[in-house]
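Both complexes shown next keep subunit A, but they swap its partner, so subunit B is in the first and subunit C is in the second.
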Partner chain A sequence: MLLLLAFVNGSFFKPAFFLQLVTNGLSNGAIYAAMALTVVIIYKTTGHLNFAQGEMATFAAFVVYVLTAEQHFNIWIALPVVVVLSMAAGAGLERFLIRPVESRSNLAVVIVTLGLFLLLNALTAVIWGTQPKTGLRPFPGGIHDQITVLKGPPQFAIGYGAIGTWAVLIGVVIAISVLLNKTKLGLGYRAVAANRESAQLVGIPVSRMLMLGWALSTGIGSIGGVLVSQSSGTLDFNLMGSVLIYGFAAAALGGFDSIRGAIVGGLIVGLAEALLPNLFTFVGSELSLAMALVIILAVLLVRPQGLFGTARVLRV
Partner chain B sequence: MNLPVVVERHSRAHRVWQAVGYALVAAAILLIAYTQPSYQLLNFSKVAAFAVAILGINIVTGYSGQISLGHSAFFGIGAYTTAYLVADKGWPFLATLPIAALLGLAIGFAVGLPALRIQGLYLALVTLAIAAVFPVVVKMDALANITGGSNGKPVAIDWTKPRWFSLDITNEAWEFLVVALIAAALFLVASNLIRSRVGRAIIAVRDNPIGAVTSGVSLSQWKTGAFAVSAVYGAIAGSLFTMVIPIVSPDSVGLALAFQLITGLVLGGLGTISGSLVGGLAMVFLPYYTAQYSGGKSLLFFDPVDSGLLANVVYGALLIGAMFVMPGGIVSFVRSVRNRLVRFAPQPPATPTQAKGTA
Partner chain C sequence: MALLEVQGLRAGYGPVAVLHGLDFEIPEHDIVVLLGANGAGKTTTLRALSGMLPASGAARIDGQSILGLSADRVCARGIAHVPQGRGTFNELTVIENLEAGAYLRRDTAAVKADIDRWCEVFPVLGQRRTQAAGQLSGGEQQMLAVARALMSEPRLLLLDEPSLGLAPLVTRGLFERLAEINASAGTTMFIVEQNANLALDIAKYAYVLEAGLIALQGPAADLASDDDVRKAYLGF
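Now for the complex of A and B:
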């Protein structure tokens, strides 16, 4: 431990700098939390991981781009339209691409989602080109669009983009919890998540609940795609490449079947990504993706159910 | 004549059948070496390298049932080993193969150990993350001396046909022959391995782990073993590929490669040795023909695009389509057709001879 102290970056402990890092971390963390949420919502009912999640979000972000930049709709009109469209697409994917192969093996589902990943990634590039576009801006994102908390130097300011991202995440979480905990539809979803066979026996339309899971997940994913585009200030066909890995890391950390875990995991991963490279000088910022891998590996090895997930028993 | 003809395994007819098969492969290799123009020879050399890589994934995913999406990283290890040893240390390039294989073995064991605890989808996730992280690590400034950073590392590989080799072929054909020979040897080893008790053990682990353990098969031993062997194949493939295309860059060994290898595996046929070769052919010639098709032409109403992207669209569609239409891949499909004509049956158990002197 003492040896580690030798590598600590001195300026890390200046309050303004530290607070700025925490803000950035929590802002990215909110996006990772949203992506982790998409992973968890599908996993809870179907037990599958959708590797195409990120590419579906990218595709949706491009549709938002077409509606706003080319058709001149307001982004707050375009986004809900795209969310509804993606939910329909998500439900359709579950019904027509996933369910027919689901009974065969895990590998079959993995391969279909990988195929979707390749197809959507390349299709996005074929349709909209490989050159990056200007990022989407649901919230004002200029240099001066921020609330300055500490004048500095060093300055500490919170951008409207970060505040907007948090607001959206909170909104999504509230909407999802109300839907799952207060409505009959949500009760059905939770019943299928708890025990598929029993749910079927008491007359819950299981297949519709699986489609609901995919629809919710895809809808949240498309919001996530727009947020990533805002925070990175760009939009290209590889938008979600590493974001999805962070989202998976967050989901693993929180537990693949825990919605609360996804949120907490996302924020922790975001904070770790922002803080570690600045705390220890030997952790280059280019290695933050490797950090996500280490998180996934460590959690799955030491505590496979994550922080809040349900432990499973395996016979061999 | 009654169809299908039943050929008993290990009978003389079966041996003849096998010999004809090997002879056909050898003839095909020679035919390619003699007749193909140099750019096609290069393509076929790439096929050999990719086929070995896919064979590696096949051992761990097809036969032992552990989903690995991270073989681009093993491929990269081999590719960088060869590039580094040849470019910086002046090694003769073929001498780098064993080193690449050893490194692959060590790293395969290292990845195989956690894979004992991490199964199914989780393993897919971890190996996917490995594939995504590998190019990032290779790009690191700290490693730039060895890996050449984000620009990649070029090597000079001299494929001049040695004088003692008397066949009248071009240097490219010589290159193809050497690479194909190495690949063929690796295929032979894998196919014998799969038919031995090793193969039966790892297939048992895949099909019924509980049953396998009950029959005394050690899960941990065979699972890590399968990972290690498959990593060796991956590393050797990467090494061979660098000998054919003498530059390795971080982006050439990233997620895209991982996905293409998986596509090749699924198209060729999971759990079939020859499927790996078919997969290698698909990996090389599919982008080649989509490039020819899209050359200058635009897809539907879109602008003309990078042919690699177009190939990826096709890969994605094929990957999904294959799962629906022929989940066993091309080889299983061909086999089911062949089974209508010729069928191979296992040798009937020897009838116990009655011991003398007892009633």
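Now for the complex of A and C:
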């Protein structure tokens, strides 16, 4: 442990620098949280992991690109339209692609979503090419579009993009919690998540709830795709590759069946990714993902169900 | 005319046939009990009736066929099934469990009144309204499962081994409640039980299932008092 201290980066503790790192971490973390949310919402009712989540989001981001850059719609008109279309597409995928194979085995579903991953990835590349496009900008994203808190050096500034990302995440979380906790539809969804068989027995149309899960997840995913494009300043067919890995990591950390866990997990993964390479001189930015995964592994060793996940206890 | 009429009911799991053609009927407002040893097909019978298992033959409620309907449609026809092992929504609160039981109802005000009503009938539920169902004891969960089923205002209540895993005193309390509800609300009940003594006590009519066939039937009081029957089928 003492040896580790020798590698601590001194400037890490300068307030402005540290705050800047935290801000960056939380803004990436918000995106990971959104992607973790898409994973969790499907997992809760179906027990499946959708590996095509990221590619579906990329595809949606490209549709937003077509509507804004080529058809010149305002992005705030294009985005809701694409979210609604994505939700319909998500529900359709569940109904016509997942459900027919679901009764066979869980592995069949895994293969189908992996296939969907490859298909959408290739399709995006075929339609829009492999050259990166200019990133989408729902929020001002120029070099001066930021609020400077500390002049520095080192400077501490919060970009409008980061603020926008937080606002969107908060909006999504509020919308989801109202839907799930205050409406009858949400009650049905949670009942299916708690006990699928009993939900059927009290008359809840379970298959519709599974479609609802996919619809919500795909809708949030498309928002996530646009946010990733904004924060990375680019848009290409591999947009979501690493983001989805962080998203899955966040979901694992928070607990695959916990919405709160997805949010907290996403923010922690974002923070770890931003802070660790700067705290230790021997961790380059290329190692930040590995370091984040080490921390997650450590947490999961102690709490296999994740920070907020439900431990499966069977009373016999 | 009986509320539920069943003819030649066959069901099973994949290639394994469990029920080999059951005929029985359940008159309206009565409590009917289905007895039998482990593996006789009691649970399978209930699951076939509530649309959880594919089945052949005929089953009609009020003359309308229910076989082949999905479980939520069967529920809409007025059949509520309390599954074995209770099946409460453990992550949901007691109130939410009851609300979920009324999922198909549109009369919000009456649903609220019914929640209060069943919380009075089962006071333990009233005291734990906002607690997660998973935190309740086994007996309390069984009360909740019964109350949740009643929230759908069923014409026919199917109960699968309500006594399973409960202390004798708790079981007795539960059966007393069931008899009261039957007497006051006239809810028809079809109870699967291993605890034959208690079940025959509150039931009007009984069927005994053996290896997927009805081996014996008769008024509950007759079965309970017949020594040969008791030794051969009921194990006491």
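Simple rule for what comes next: the second predicted complex is superposed on the first by the 300 of 316 C-alpha atoms of A that agree within 3 Å, B and C clash if a C-alpha of one lies under 4 Å from a C-alpha of the other, contacts with A are read in each partner's own complex, and residues count from 1 in each chain.
Heads up, the rule we're going with is that a contact is a pair of C-beta atoms (placed from the backbone, for glycine too) under 8 Å apart; a residue touches a chain by one contact, two chains touch by 3 or more.
In this text the structure is predicted, and so the values were computed from the model without any measurement.
In this superposed model built on subunit A, subunit B and subunit C occupy separate space and fit side by side.
In the superposition on chain A, contact of A:Ile127 is made with subunit B only, not with subunit C. Once the two structures are overlaid, the count of subunit A residues touched is higher for B than for its counterpart among subunit B and subunit C. Contacts of A:Phe117 after superposition on the shared chain: subunit B is touched, whereas subunit C is not.
In the superposition on chain A, A:Leu179 makes contact with neither subunit B nor subunit C.
In the superposed pair of complexes, A:Phe51 makes contact with subunit B only, with no contact to subunit C.
Shared-chain residue A:Leu307: touches no atom of subunit B or subunit C. Touch criterion met: A:Pro100 reaches subunit B, while subunit C stays clear of it. Once the two complexes are overlaid on the shared chain, A:Ala292 sits against subunit B while remaining clear of subunit C. In the superposition on chain A, A:Val22 contacts neither subunit B nor subunit C.
When the two complexes are overlaid on their common chain A, residue A:Leu201 makes contact with subunit C while staying clear of subunit B.
Minimum Cα-Cα distance between subunit B and subunit C in the superposed model: 17 Å. In the superposition on chain A, subunit A positions 315 are in contact with subunit B in one complex as well as with subunit C in the other.
Within the complex formed with subunit A, the subunit C residues making contact are 50-52, 70-72, 75-76, 80-81, 83, 87-92, 96, 99-101, 103-104, 138, 148-149, 151-152.
Interface residues of subunit A facing subunit C in the complex, by the touch rule stated above, are 184, 187-188, 190-191, 193-195, 197-206, 310, 315. Within the complex formed with subunit B, the subunit A residues making contact are 47-49, 51, 97, 100-101, 104, 106-108, 110-112, 114-123, 125-127, 129-130, 241-242, 245, 248-249, 252, 284, 286-287, 289-290, 292-293, 296-297, 300-301, 304, 314-316. By the touch rule above, subunit B contacts subunit A in their complex via residues 61, 65, 67, 69, 114, 117-122, 124-126, 128-130, 132-133, 136-137, 139-142, 209-210, 213, 219, 255, 259, 262-263, 266, 270, 299, 302-303, 305-306, 309-313, 315-320, 323-324, 327.
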